[in-house]
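As written, the chain order gives the labels A, B and C, with residue 1 at the start of each chain.
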Amino acid sequence: MNVENGIHDAHYFVPHPSRWPIVGSIGLFSLAMGAAFSMNGFVAGQWGLLFGALVIIWMLFGWFGDVVRESVAGSYGQQVDHSFRWGMSWFIFSEVMFFAAFFGALFYTRVLSVPEIGGTGFTNRLLWEGFSAHWPFATGPETTAYHTMEADGIPAINTMILLTSGATLTLAHWGLVAGNRTKLTLGLLATVLLGTLFLCFQAYEYHHAWTEMALTLNSGAYGATFYMLTGFHGMHVLVGTIMLTVMLVRVLRGHFSAEHHFGFEAAAWYWHFVDVVWLLLFVFVYVL
Amino acid sequence: MTTLAHEAHHAGHDGHHAPAGWRRWVFATNHKDIGTLYLWFSFAMFLTGGLMALGIRAELFKPGLQFWQPEFFNQLTTLHGVIMVFGAIMPAFTGLANWQLPLMLGAPDMAFARMNNWSFWLLPPAALLLLISFFVPGGAAAGGWTLYPPLSVKAGMGMDLAIFAIHLLGLSSIMGSINIVTTILNMRAPGMTLLKMPMFAWTTLITAYLLIAVAPVLAGAVTMLLTDRHFGTHFFSAAGGGDPVLFQHIFWFFGHPEVYIMALPAFGVVSQIIPTFSRKPLFGYVSMVYATCSIAVLSFMVWAHHMFMVGLPLDAQLIFMFITMLISVPTGVKVFNWVATMWQGSLTFETPMLFAIGFVCLFTVGGFSGLVLSIAPIDTQMHDGYYVVAHFHYVLVAGALFSLFGATYYWLPKWTGYMYHEGRGKFHFWWSMIFFNVTFFPMHFLGLAGMPRRIPDYALQFTDFNMIASIGAFCFGFGQLLFLYNVIHTIKGGVGKAPANPWEGAHTLEWEVPSPAPHHTWETPPDEALVRKGLRAQYLEGHDD
Amino acid sequence: MLKICTGNVHVSRGLLALMLFGAPGLGMADTRMTFQPPVTEIASRVSDLHSFLMGIIIVIFVAVFGMMFWAIFRHRKNLGHQAKPFHESTTVEIIWTIIPALILIAMAWPAAKLVISQRNSAQPDITIKVTGYQWYWGYDYLDQSFGFKSKLLTPQDQIQNYGPNAPAKDAHYLLEVDEPLVVPVDKKVRLLVTSNDVIHSWGMPAFAVKQDAIPGFIRDTWFKANKIGIYRGQCVELCGRSHGFMPTVVKVVSQKDFDTWVAAKQLAAKATLFEPGKPITKEALIEAGAKVYANNCAACHQPDGKGAGPFPALAGSKIATGPKAGHIHIVLNGKNAMPSWKAALSDAELAAVITYERNSFGNHTGDFVMPDEVKAAR
């Protein structure tokens, strides 16, 4: 796009050799080994998990620290800025596809497999006689009884929270573009708080579901898709909140200018993406 | 020409930027260094996966169990598939993209140089996880590279290591692809519009797009596998409302685009080589671009042709059959355009050209056997048998791998600054060509006659062709050591220094910089006149609007 | 040496066929390199369709690569040929998009018709439930209410032939079972295919039938064999260590023979593991259990109970010498790679095999398990 616009940094910024990637790889390797071993009954694996997690955190601080320093030092020209935009867009696209896999699983079980197992065909007559399917209560012949999540209550509140947070974030952005620091800071702060609130509600919801509603990962196709979809979404909210918190800190340090603030925008894009996923979740997991 | 002057001025100062010793490689942010890493890694994986293939072929030399117990045979098959696909072929193409894209587009480096390093350095840990898995209780994953549950849910710890390896590989692919897409969209030299990029850039772009779309889907699939294994979910078990076939749908939604991920960049390479040695511009550039795009679009809509035997509803079976057949049209357009490029050319047959011609012939054979497989009722006879094995080795080995050999010989002078030994290159080609066919052609017959794949032992009527295939495999395999020799020989000086452009018919930008390409190239974009000069030669006036 | 010689014959045959890629379809009736002779209408149609496709494909191949090799031989630089720099033509692009599309339609039409008949399993004369087990097939004649398991007959010492003096292999090496599926000729047989553990696939090349056996689901297929005889195929979906040792054998017989066979089977189905009326003793359990063990468990845990690789030893195993309940539980429900035997074995068989394991291979628990205990634990 820029090529047509003729945007070419005189010297496109190419970072110096960096140790962070290899540090990250070591961290992930250790996480993977640790997870594989601890899932198979080797307690020592947990040390691998711990070590890996610490290394990853170190890497994140180091790497993003470098990026922030470079950005503040003005190394990133316009073309680099464009690269970041493309990069972030494609990253979000990959996230969309990740969620698509789980949504696909949800639709497949709801529309195809559960009805077949509980239907009237040979599958039911010869293999699962006596089982009749009712989404979301009885999703499989060998699932034990559980309660399902109602859409009103916490999920509805959480929907409101996320929608509001999208608005406050946009306010903050307007503040940034208009050079209104107060609006920016307060908007961002509100967004972070709303995100945290969302997470608290979700933690409560999970706890309640697990302990009092007998709704676990084990609760058939419903339990599995419910926890995997909302769980991965929750993780993304967590990441988004952390990103926004970092942005808040950077705002307080006076990092962004009205023209040059892609870090902020990237976090905002991410946040809006997480928002949209939630809306789909709300409709397909809770309401329908 | 200012850029080149600038280049020369800089040449002496490279030391500033590139730390020496191991740091140069481990901390690398230079696209050429990272490309080199990718290529060596992939070759090492090719030897490893090939060694496993030899294990398979040794056991299948005659009926009865000779060398391995069945579990270990299944581990060999599985890891052979995983390592060849994710370790050998895919990283090789990413390596090529790394080396060539900035050079061909006139960019100073990849868009995200530091992330580029991470994309590479996630691969060795993943490979390590796979290799370690041979030594954990229960051994490596043994459920086939397709990891179908419930077999993979019941498997031992090796499966977890494979799952995590796939996570890392996926992460690497996604980051690598984002880098490629961004580089192509954002870093082209002035004057190089999308429809004037070299064909290799186009196919790489579409490939990267496919990868960003499907690698996360695979990650999701194996994550569900992991939770089914350890956390009590029932995605793939009817007892809880799931379905083993669900995994197959998700896997192949990834898996079919995946096979084009291994084919499209090969098409790109061949589309560079054939015009060069035909001394003609690529015929039908624009329709090649459209064909590439339609292949990409169609590849999302055909996945269930791997599942004709699971008992799909009739209408699904018909639709997937029709759309699969349709992919032959854009692929055919490519084949025809290559032939038309050679038609009335002024042909010479250096090693890259030989591999490219070998590619076109044998890939088409593989494509035709794919077409036969896409006919659902015929697939009844072929599915999960050696006809399928023959099909995919024709498109993968004689397809993807041959194009990689071609690419290596083609660009080796640029990478090393030296010319390879033409005679040995040609020998490598003919050796590979002959023994490839000796290995894999008989597998068509085995498949027709009903030999299932993934078996360590077989009924007596399959003996003869298996023996031929095994002999071919060993010859083919050891022939690849010659390739290794050729490459090392060239690095060490080859048959002499290579000029900036050793090929009479090559016009893309990488041939404008000296050989070997200096550590930093195009630090400022090449000026438009230079770009246009190359483009004019590439596409001629008609295209130069 | 003999092997090598026949090998050579096939090299030349193979090379011949290499030139005529379509040879298999064109009637070179060597079952080593082409389809088994079809014995169902569908299988003949599949074979014909394949020949038809190969014909078209060979023509395209020769045409396209004829052009290419013409260029390779005539348009060479060393013959002084000058490049003609034409490089696009919308007309030819359209032509070589449309013509292949038309060819594809010509292929798709008969293919679609064949798919439609192939998938039409309605109105069968006889319905059989086929269940895949690791690693054998179970057949249940639903209308006649009896069933049996069909297991590989090839002896282990023919398979494990490391040594120079390994025994010669039978003609139907790996393709012989103790009890084949028996069906009447010229009758539409519908198979309801499922699995007890992992995915298997029931394949019979001579019938052009292949159906994956998906655990938890019933998928159906059918065939109507038109010739009396014995037909052989193999499991065609990777299902674990003995995937290669899981043949499918079908015996097609006349209606009269079929009826006699069914009657005998129904009678036998009434007999039980233990003599009716007599009390079940520990010795009887162990004796019966030894057979059940050899048939079902020895493949993994080995005949001597010592285990192998990932399969644990039962000799001295904590579970096999510990409390009965734990032992019953793992055999009933399985664990990881250990299959569940709930569906595959009866209460009596399970009681017998568990008792056998607790009192063999050097295990001396001295106790025994009665069928009722197994029933209660289900």
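Assume contacts are C-beta pairs under 8 Å (C-beta built on N, C-alpha and C of every residue); 3 or more make two chains touch, one makes a residue touch a chain.
Bear in mind the structure is a predicted one, so any value in this text is a computation, not a measurement.
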Across the interfaces A-B and B-C, which one involves more C-beta pairs in contact? B-C
Chain closest to the assembly centre - both centres taken as Cα means: B
Roughly how many whole angstrom separate the Cα centroids of chain A and chain C? 44
Please report how many Å separate the Cα centroid of chain B from that of chain C, as a whole number. 33
Where in chain B do residues touch two or more of the other chains? 137, 156, 237-239, 243, 245
Of all residues in chain C, which are in touch with two or more distinct other chains? 216-217, 220
Shared-interface residues of chain A (touching two or more other chains) are 117, 127-128
Within their complex, chain A touches chain C through residues 116-117, 121-123, 126-128
Given the complex with chain B, which residues does chain C contribute to the contact? 3-4, 6-7, 9-11, 14, 17-18, 21, 24, 31-36, 42, 45-46, 49-50, 53-54, 57, 60-61, 64-65, 67-68, 71-72, 75-78, 81-89, 92-93, 96-97, 100-101, 104, 107-108, 111-112, 114-116, 118-119, 158-162, 166, 169, 171-175, 193, 197-199, 201, 203, 205, 208-212, 214-217, 219-221, 232-245, 308-310, 336-337
Please output the residues of chain B touching chain C within their complex, sorted ascending. 62-66, 69-72, 74, 137-139, 142-144, 148, 150-151, 154-156, 237-239, 243-245, 278-287, 309-311, 314, 317-318, 321-322, 325-326, 328-329, 332-333, 335-336, 339-349, 357, 360-361, 364-365, 368, 371-372, 375-378, 380-381, 383-385, 437, 441-442, 445, 448-450, 452-465, 467-468, 539-540, 542-543
Touching chain A in the complex, chain B uses residues 17-19, 23-24, 26-30, 107-109, 111-115, 117-118, 121-122, 124-125, 128-129, 132, 136-137, 156-157, 160-161, 164-165, 167-168, 171, 174, 177-179, 181-182, 185-190, 192-193, 212-217, 219-221, 223-224, 227, 229-235, 237-243, 245-246, 249-250, 253, 523-525
Note: in the complex, chain A contacts chain B through residues 1-4, 6, 8, 10-12, 14-22, 24-26, 28-29, 32-33, 35-37, 39-40, 63, 66, 79, 82-83, 86-87, 90-91, 93-95, 97-102, 104-105, 108-109, 112-114, 117, 127-128, 133, 139-143, 216-225, 227-228
